[in-house]
Amino acid sequence: MPPPVPVAEPRIAAWDRRVDWWLTGLAVLFLVAYAWQVLDTSLTPAARVVLEVVLTGTWVLFALDYLVRIALARHRWRFVRTHLLDLVILALPMFRQLRALRLITVVSVLNRQLRDDARGRVVFYVVGSVALIGFVASLAVLEAERYAPDSSITTFGDAVWWTMTTISTVGYGDRYPVTPEGRLVAVSLMVSGIALLGVVTASIASWFVENLRRSDAVVERELDEVSADVNRAELQLAAVLVELRAINDRLDALERSSRPS
Amino acid sequence: MPPPVPVAEPRIAAWDRRVDWWLTGLAVLFLVAYAWQVLDTSLTPAARVVLEVVLTGTWVLFALDYLVRIALARHRWRFVRTHLLDLVILALPMFRQLRALRLITVVSVLNRQLRDDARGRVVFYVVGSVALIGFVASLAVLEAERYAPDSSITTFGDAVWWTMTTISTVGYGDRYPVTPEGRLVAVSLMVSGIALLGVVTASIASWFVENLRRSDAVVERELDEVSADVNRAELQLAAVLVELRAINDRLDALERSSRPS
Amino acid sequence: MPPPVPVAEPRIAAWDRRVDWWLTGLAVLFLVAYAWQVLDTSLTPAARVVLEVVLTGTWVLFALDYLVRIALARHRWRFVRTHLLDLVILALPMFRQLRALRLITVVSVLNRQLRDDARGRVVFYVVGSVALIGFVASLAVLEAERYAPDSSITTFGDAVWWTMTTISTVGYGDRYPVTPEGRLVAVSLMVSGIALLGVVTASIASWFVENLRRSDAVVERELDEVSADVNRAELQLAAVLVELRAINDRLDALERSSRPS
Amino acid sequence: MPPPVPVAEPRIAAWDRRVDWWLTGLAVLFLVAYAWQVLDTSLTPAARVVLEVVLTGTWVLFALDYLVRIALARHRWRFVRTHLLDLVILALPMFRQLRALRLITVVSVLNRQLRDDARGRVVFYVVGSVALIGFVASLAVLEAERYAPDSSITTFGDAVWWTMTTISTVGYGDRYPVTPEGRLVAVSLMVSGIALLGVVTASIASWFVENLRRSDAVVERELDEVSADVNRAELQLAAVLVELRAINDRLDALERSSRPS
């Protein structure tokens, strides 16, 4: 869902604008239900069913959004082809083992909202992203690892701590995932950590480089001056032409008067 | 306290200039007392009380500084809103468990002083910051972990070593914090480590890019030449106009003389 | 094989273009045979021999390609000197202990293909490279470590997991190589990890800087305007000259007519 | 010794040029003797004494070089003040515990030589630096840790492996130093690792940015064109002036002839 639809698909763009906040709301709802399910270990069977219904329901709505977007597309085939990744992360969680992939859609919807809110404020966006990804990863790794034999991540506190050591690429190794699902979460965090480092470094670097760029402003100012000079020269040339035409007219008159008088 | 008050608040700016060195002195005093309390395990109860009084006293003075700044603000509400983080890290340490947060204020005051001293000397600033943050983090993690069961950080040497492995994101895992307070210190160090890496990389990159920028100087020099050329052209045009006006005057005279002779 | 041959060697360039896809095919074949040999632990002795023949056969073909390129070179000595590294990684695997080095040639051939396919799409190239290097490294470390005493990497899952923790420089230390061959693989991965971090950061930074460069477009647009202004001034000057010549001609006529009347 | 002496000290600069290669030779000699002493555990007491004499002798020569440079300085006090760090790392190894600091001088001399040889070839310089620092650090950590209780670094192979995991900031934690000297080596490696990452990233970034800078060449070419246009306009103006002066002269003649003939 995240990448903005090119202008060639105005109906999808309109739909996106209309459901934007609904999708964000759904994502938050999903996240709350998921967190509740993972963190509250004393849930009654009834409550567990309710949460499962909420989780599946929001999921179905995300799938519906995708189907509506296909239906609205002018070039359906091209739309499906360019949104193949969305299809994959929507379809794969139908297999029970890959349910954790639902979190990718949720995170990408919320992350997009965050990016739109943070226009230009890189610090705000980075902190928000890390908090969102860290929270979701902590929940996912806890769900995956909690009851695994030899697991070292059994409480939410442990999960958060492990998430921080992983996303910062410190990796003490006092806790680490042992299940395939947990390791998948770890790989996502590593990728996020590398991206995080990249964004932080790039922000600082571009801020440093921006200071260097003041010379560009100087170039622009000098160009403006040259431009003004040339314009003044053009005005002078216009005046020259006026004078010359006057001379020609007078010479005409002179010629006429000096000829056979 | 750190961000410079915008010019719209001249009274706060004046106050800041006046108390700048006092706050730095207070921060150093706090740090000495804190280090003493943590490192000297054979303190008498009386000495312990004295140090506690110093620590609380400097704290109260920091809080007073904040209150004075609110009192001096033209737009009080806006001041509080834009300095919310300062308020939080000043107020939270009132809870005994969060006392370690007092160090954030102290570090931020000293770090600001360091930044003002280091104007443009990135190496000096980076080394100073890392030394300051590393020292404070070593003390804080030692205080948090020393008496924790299963703790692996029990001496100041261990704490410094652990701090170095964390801020460099190496993370051997021979030592790691097990208490929530210690893990909070670790997260601060990870953030510092990522920022450190970013600043080092960005400095080198901007130094590399600066070398590339010599072509900008070429552009500026060429622009100066164009500008000089255009100016010369303008002078020539002025001369042209002088000549033309002379011609017109002569033609006037000719006309007058050639008419009724 | 990877670096493009300079134009000074047209025959080698032609040969490269002709065998390009064959080499890629050979590399894929080698990789499949190697993966099979490593991953399928229940191979019959006969199958093992077949795979060994495939591996050695592709190897001989890579060596032949190198010899042909020497034969085609205009400046043979210079070719050998500038392709010394290729020679080394082709010759060293003749020693049984260094057989793993064959993978470097295979990865470099495939990586070049990937780079040519990914022209400008950094994300695609980075993901492809990491997947290729990660897969090959997982196979190599598994082959090296599987039967080593005290080894912690004994299944392909473990090997992939260890590869990910190493290339991201997280390094939990739950698994680590203990044999010299495994450690060589680890060092390759560390180098790749540092390069990966560099490419990701540099891509983000150049994207940030590109946004800053919009001012350059402004400079160019202003320059175009100045250029248009100057051209207009030149046209005006041409008109001035036409007028002046007309005046001169008329004055000629006047002179002639006003003289001996 | 490393930073180039400013031109204000021509006699020191001349001395530096003369002893440059001698210092490099001394550094290599020191390194060979040091490596021998550390790696050859079956040294006879006599051989051990010889190596110790070589190590102390080269050390004394480095100290002499420093003294000569002070003697040659025009502004002695300023020289000492700006080369304080050199003094410290020369003087501190007189204390037996800090002998490892001698390696800093040796590495800095060799690293300078490497930098001069590698002018502009970043890859060559980075690889050379990492190899040099890694080799020296492996020797130093081995000497420090070999006989320490609970040490995990007891062979040169282990030391090299640990060095690689540290400089890449992977830090598995399968081996780590336990002595203060070993930890000092580790901190040096961490600093080198961060610098390494910075240089690699910055090189890639500046290479990416350089590609972006092609637009600057466009600006320069356009500027050249504008400059040529303006010059052509100036030539035209010169022609205009010639014509105008001719007209004036003719009008003069006309005036004279048309007056009282």
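Observations on the model:
A, B, C and D label the chains in the order they appear, each numbered from 1.
Note that in this section a contact is a pair of C-beta atoms (placed from the backbone, for glycine too) under 8 Å apart; a residue touches a chain by one contact, two chains touch by 3 or more.
Bear in mind the structure is a predicted one, so any value in this text is a computation, not a measurement.
Overlaying chain A on chain C by C-alpha atoms takes a rotation of 90 degrees, rounded in steps of 5. The most distant chain from chain D is A, comparing centres defined as mean Cα coordinates. One inter-chain figure worth recording: chain A and chain B are separated by 28 Å, centre to centre, where each centre is the mean of the chain's CA atoms. For the pair chain B and chain C, the distance between C-alpha centroids works out to 40 Å. Residue positions 169-173, 197, 201, 203, 205, 209, 216, 219, 223, 226, 230, 233, 237, 240, 244, 247, 251, 254, 258 of chain B are each in touch with at least two other chains. For chain B in complex with chain A, the residues that touch the partner chain are 166, 169-173, 176, 180, 183, 186-187, 190-191, 193-195, 197-199, 201-203, 205-206, 209-210, 213, 216-217, 219-220, 223-224, 226-227, 230-231, 233-234, 237-238, 240-241, 244-245, 247-248, 251-252, 254-255, 258-259.
Of all residues in chain D, only 169-173, 201, 205 touch chain A in the complex they form.
Across the complex, chain A meets chain B through its residues 157, 161, 164-165, 168-174, 196-197, 200-201, 203-205, 207-209, 211-212, 215-216, 218-219, 222-223, 225-226, 229-230, 232-233, 236-237, 239-240, 243-244, 246-247, 250-251, 253-254, 257-258.
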